């Protein structure tokens, strides 16, 4: 067989494989949309559940997830962005810096359930926060740190070095250069990374299993020390622990979670491409 | 004028110092967190090592209610599911990475890359949900197994969850091969196809290995999706047909049982002990992957 | 020479183990144009960057010797480096506009120094742009992006940016290397006017440019200061054979 035929077949095969990777994604989303659409209504989203979750809405779970995501942001953004600025702008190439990078690689590889164990051991028990939004947000926050740091560092390094030199030559200190030029230019990339990190935190179940989540809590949390329902945990329980749960409600819950996560993904993508086009370098 | 500037400078210097100190602390905090996590795991998990005889801990039966804490079936369950996942994901991932980087026309690339990002964003509980309701019954019907909740189902799901990691790291590796390699191959009369498989991919070998290792780390650590589709039977998956029988991973065990245990009980400590094993396993995999990257960077040139 | 503005004494400088400057001593007169020229690798740019301590940003270097500005050692431990860099400005080889408008670029140095008075800023803006012969071309486009200007305009913008801080000395590293002849001419003309107020050190990008503008000229070869004399002398009657060979084009 001629080499060019081999190539044509080969390319086609690769294309099919790529299709095999991508098509199921559409199937997953499609199935959940089709099966769950029927359950979606204004009431579903804004009402409280009753009858053991089999009726009513998922409002407290939605609120819980939003609160947890907010909490994660409050923890992960300052530490993450601060740490990244240190790594990209201040750190020298010493063994300590290499340890920090190793630590970040490590943090990013720790299984989410192990974060859950840590959260249980440290926040819920040792620091006596109990099963609470606070414990959950702290756990999720630490889990989200590496994601933010890795994307933010890439964004900072992408800004041309020349700007730093010019700023210094005009009498700028290192922080002034960062604050007035480097950080604003890297901001779109950093924000994209933050959003991607937060959407992962919003969808995680394992870290919140023992640190935050309550199953049937038909009232909204009153303080950061309260436990709360959350969408991912809710979906898990109603699909595996509640006999007789209407299938449509299960799919509907999955749909809401999926919609939340995918819309954040979309926002991040839009931000990224919009600012890439407007770059002045 | 000069004196005024000097005075302003002194004030600004002090602020600069505080900001820099703060940033430095935040930078070092990451090391702090890793140590903290390991410390707490040890604190709660080590008691299991002296409350439970080692022969029990490494035994083949995990029946906590009867005082049996054999971690072997859980370990093997995780390993089997992960290996299955990698065997599926590796060819799929590398092929897709090659396709996206080297073969696909621009319009295809613009569709594929966002879709892979979407896949990365789908929560594991949602995938597990889908697996439970759609994939498992499918497997049960097509393969005639008594239940669709098997190691294979879990492996299949995990493969898709690991794919985005494998694809993006492999893509970076392919991207980093110098264009001159490709040009040289083509100049010698090879077709694009031949150049890809005989020049570019081998050159990106270590980056691709890193990609697979990171994917493996992701797979071992996955909890919800596997918990929902592997059937949660803590049996020893020894024979080949165990692939189509239920099993249980370490992660699922912790997730499923932690809610029921009393704090301070042996069961509680044992679950933390499993957490330690997981921590060490993923630590080793990720450090190995990172070491490959660092070594390449130090040598310069290829990433 | 009257008291030199800048006194460079026995300066040697290395990147790692590679010595790019060896035992250089020379004085820069105030309100003049001094030219550092020679083949590449001669150490001219490195020496330039030592004068405003911009080489502090590079790791792994060694330096010996002293550099005095108005009689004060700029490498002493109580030198305030940002203030030094406001007194000794620098223009780079490629036009490097900062992101932002023309106005933001010119006034950036002042913003860093904490100067906020609006009327003063406007005055500085116009003066600096006029001094670098750019005012007429951009006075209607002050709030347009700097990246929209042509290469020659951007480079003059960078000069204006440095001048806004009212430095005492101005260091220029091949400022016209990326520019067309007309822009080059405009930049050189503005230098003639500027030397009335400022002490200028420039690394030219050709010998011809050096001959055109130099009051004093220093020839560097492989890190060594070979010859230093007035412009006319050095280019018409060089004393060292190496200088003569380079100036007449026998090597380059």
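Lettered A, B and C in written order, each chain numbered from 1.
Note that contacts are C-beta pairs under 8 Å (C-beta built on N, C-alpha and C of every residue); 3 or more make two chains touch, one makes a residue touch a chain.
The shown structure was predicted, so the numbers you read here are calculated from the model rather than taken from an experiment.
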Subunit B reached from subunit A - shortest hop count over touching chains: 1
Remotest chain, subunit A as reference, centres from CA atoms: C
Euclidean distance of C-alpha centroids - subunit A vs subunit B, Å: 16
Rounded Å distance, subunit A centre to subunit C centre (Cα mean): 49
Centroid spacing, where centroids are CA-atom means, of subunit B and subunit C in whole angstrom: 53
Sites on subunit B at which at least two other chains make contact: 12-13
Sequence positions of subunit C contacting 2 or more other chains: 82-83, 86, 113
Contacts with 2+ other chains: residues of subunit A: 173, 176
Subunit B residues touching subunit A - in the complex, by the definition given at the top: 12-13, 16, 19-20, 22-24, 26-31, 33-34, 36-37, 40-41, 43-44, 91-93, 95-96, 98-100, 103-104, 108, 111-112, 114-119, 121-130, 132-134, 160, 163, 167, 191-194, 214, 217-218, 220-224, 228, 251, 254-255, 258-259, 263, 271-272, 275, 278-279, 282-283, 285-287, 289-290, 294
Complex contacts: residues of subunit A adjacent to subunit C: 92, 162-173, 176, 180-181, 184-185, 280-281
Subunit A contact footprint on subunit C (complex, rising order): 52, 54, 57, 59, 82-83, 85-86, 89-90, 92, 94, 96, 98-100, 108-109, 111-113, 145, 147, 161-162, 165
Residue numbers on subunit A that touch subunit B, as the complex places them: 3-4, 6-7, 10-11, 13-15, 17-18, 20-22, 24-26, 28-29, 31-32, 78-79, 82-83, 85-87, 90-91, 98-118, 120-122, 125-126, 142, 145-146, 149, 173-176, 196, 199-200, 202-206, 209-210, 232-233, 235-236, 239-240, 247, 250, 254, 257-258, 261-262, 264-265, 269
